[in-house]
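Here come two complexes built around chain A, the first alongside chain B, the second alongside chain C.
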Partner chain A sequence: MWHDALLVAAKDLRIERRSRVSLNQVVPYALMVLLLFGFAFDQDRSLLAQAAPGLFWLAVVFAGLPAVQRSFAIEAADGASDNMRMSGLDPAGIFLGKVAAITLQLFVIEAILVGGVVVLFHSRLAGGALLAATTVISTAGVAGAGVAYGALSVGLRVRETLLPLLLAPVLAPVVLAATQAWRSALGLSTTSPGGGWRWFGLLVAFTGVYLAGGVLTFGTLIEET
Partner chain B sequence: MLAVRFRRAVAFAGRYPLLAGVDLDIQAGEIVALRGPNGAGKTSLLRAIGGLLPLSSGEATVLGLDPVADARALRRRIGLLGHRNGLYDDLSALENVRFAARVAGARKGAAEVALERLGLGARLGAMPVSRLSAGQRRRVALAALLAREPELWLLDEPHAGLDATHRRLLDDLLLAASDRGATVVVASHEATTAAALAGRTVEVAGGTVTGGLIEAGPPPGTPRPTALVEASAYVA
Partner chain C sequence: MRYSKASEPGPALGHQHLRRALGWSAIVTLALTAWWGLLISPPDVVQGQLVRILYLHPAVATMCYAGFGLCTLASLAWLWSRTRSRRWDRLAVAGAEVGSVFCLVTLVTGSIWGRATWGVWWTWDPRLTLTAILFAMSLGYLALRRSIDNSHARSVASSVVALLMALTVVVDHYATSWWNSLHQGTTLWKPDPTVHGWQLATMLLSFLAFGLLTAWVVLHRYQLEVLEDRYEQEGTQVALAARRSEAASPGLAGPGQPGPSGPGSDLTGAATRDEPSTAKTPSELGAR
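Showing the complex of A and B:
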């Protein structure tokens, strides 16, 4: 499984390095989302700073959707999905490989978005350990749910519009927990200092469910769609 | 030994019947042509053999395994080339073939050898697939299969887009694979292309086949047509 995951992740990342879709299209799109949030809350700087964690994670989700769609579009383009199925690759390995590739792409996008949040929203980064741990787990959660639902919608003609519809409710707990954990880390929350880690625990649980669910069901999903 | 055994195989796409009671035997090492007009069911039959199209009823055994229940173990031993090439446009020809070879656990250098045998040297191998011609892309896809060295080749119109020289090259490769013990199933709507290569031709029409059982066709071991090269050149 891990060997197959490594092969798939390396292949997807190599394709991304060549096509630069994330860098040339998704990053500007995510920054535009942040900018528009900034315009919407511009008259109230304190509100903008308070809302920054939530706006950041919404921007990550918005950036994650095209990344997931792109990950499955490259398989559908020349009938490669049949080749993938016929290759005998472990479906769990394919799932984890795609999750890893999207997670790494989102890390790059998030690094740029963090810069945007600091510049546009005047946020001050603090609470390093909680901030970093939350970012890693939330990103894996977004990618895990995205890949599972991406496989579900890949065989459908309306996948471009269906995927956001399916994914948004599933990602709501991740956005909520990640936002609250970040608020705690940045000192924006009124709850006790341990509150952030409790949200982090919830985040770990949801991400664990998404990843375990994907590992267990991905084979069925790609065979049935 | 039978590489493929189908009995009363029925498959649907929704309510639309794709296979309507197929009886088919294919010996290990045999080259069989599936011949029939467009929409006859050739592609569906290839996909059913590969386990991509589950049967609604009937029996199927491929390389001694159930094509759906034992899909993962079986698919590592099968090479399927469909209408589309299944290549990644942003990767080079070599990277595409190398990915297929690594997935199959092929020996190091298998990708380079396969590309060379399909007439794609280092220069073309380094080019992104998106920049190659249709025929060159087809050869890259065939090289990806060759690098995997499958026991069962399932080829859907493999000659499409190839010029006369590379049609002959493909025929030679498939004959060599058969000589090594691999089984080859070629679907084609052209009357002469696949027949020139195959030891037996199975007619496909309306989702069913005639001449699918061994006793219905020439006995195993029937010599291949000696005029293979001339025939291939003629149809090209």
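Showing the complex of A and C:
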């Protein structure tokens, strides 16, 4: 399973390196989302600094949707998904490989977005361990849920509209918990310092549910739908 | 690709009496709830006339969760190979649709109650937020079902989504509870309920009435799925058989079909007579 996961992740990242769709299209889009948040809040510096964690995670979710769609669009062309099904690769390995590839792409987008939040919203980074741990586990959760639902909609005529409808409510706990954990890490929260780690625990539960659910059901999804 | 047993019989006509009894019971108990709730039950000491919305809102919210619970359990039964049966998929969609409608009614009645009690149409209360997320997820589930034509693929995808959504709801429950809480706690299902007399009786009656209504609608929706399955399986065959038998009968040929009495009947009629007929009667098709 792990070997198959590495193969699939390497394949997806190789396609991204050659096509640079995420870098050339998704990253500018995510930065535009941050700018639009600035317009929506009327350049209120204190309000933007307060809301920065939530705006950051909303931008990540907005960027995650096209990343997931792109990950399955490359499988839809030329019957690639059928070839993958017949390749004998472990479905759980395919799932984990796709999750790993999307997670790595989202890390790059997030690194650029963090720069955007610091420059545009005047946020001061703090609470390194909680900030980093939350970012890693939330990104894996977004990617895990995205791949699980992306596999469902890959062959459908209405996949472009169906995926956001399926995924947005599912990612609500990630936006909520990751925002609260970041607020705690950045010292913006009025709750106790341990509150941030409590939210982190919830994110671990969410990510665990989607990674376990994806590993268990991905084979059924790609073979029977 | 494996296909589920779509041809297995549903409860269909055998449950007509049950459905009829449930329907009449639901109508009678709903009418009784309206009578008790609007005319017999006194105004509340604290909430005044506003208490009357509580004869609707808690029961509807409970039925919303019952509908989604049914969808989750039926999806689980469908996914497990030992219990896999088309029946579970029909129950899952019936539960989800009924749950979605009651979820919307819960949001609307809760919003009206919140405006009168808290002064706002919406507040970020955990239960409100969770119910809104649940409603959005149910819309996604139903949209997914409508997007897939193949019934087996539809059952697989929607069952997996139903299970993932149920797990998400558990995480959501903790997330929204930790975040903020305004909603009133349990008033009814505890050893010493805070409602008494006619109020308690009317609330309990409302649960019975909406429970019967839910069971009635779920059974009807299930029956509709049975009919849709039958239409998918037999509709084309019956239509083809009818068309072939129509073509085979010389006097009944339509305007698009050449016949002895139509224009050019000499040529086409001769051709029709010379060719052996390949049409089959409905009984022949049914016997295959």
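Criterion: the second predicted complex is superposed on the first by the 224 of 225 C-alpha atoms of A that agree within 3 Å, B and C clash if a C-alpha of one lies under 4 Å from a C-alpha of the other, contacts with A are read in each partner's own complex, and residues count from 1 in each chain.
Everything below uses one rule, namely that contacts are C-beta pairs under 8 Å (C-beta built on N, C-alpha and C of every residue); 3 or more make two chains touch, one makes a residue touch a chain.
This one's a predicted model, so the numbers in the text were calculated from it and none came from an experiment.
With both structures placed on the common chain, the touch criterion links A:Leu166 to chain C but leaves chain B unconnected. Touch criterion not met for A:Ala126: it reaches neither chain B nor chain C. In the superposition on chain A, contact of A:Gly213 is made with chain C only, not with chain B.
Set side by side, chain B and chain C differ in how many residues of chain A they touch, and the one touching more is C.
Using the contact criterion defined above for the overlaid structures, shared-chain residue A:Trp199 touches chain C, although it does not reach chain B. After overlaying the two complexes on the shared chain, residue contacts for A:Asp4 are found with chain B alone; chain C is out of touch. Using the contact criterion defined above for the overlaid structures, shared-chain residue A:Ala77 touches chain B, although it does not reach chain C. Residues 4, 7, 11, 14-15, 18-19, 74, 77-80, 82-83, 85-90, 223 of chain A touch chain B in their complex. Against chain A, in their complex, chain C makes its touches with residues 1-2, 79, 133, 136-137, 139-140, 143-144, 147-148, 152-153, 156-157, 160-161, 163-165, 167-168, 171-172, 174-176, 178-179. Listed in rising order, the residues of chain B touching chain A in the complex are 50, 52, 71-80, 82-91, 95, 99-100, 102-104, 128, 144. Put simply, chain A touches chain C in their complex at residues 145, 148-149, 152-153, 156-158, 162, 165-166, 168-170, 172-173, 176-177, 180, 198-199, 202, 205-206, 209-210, 213, 217, 220-221, 224-225.
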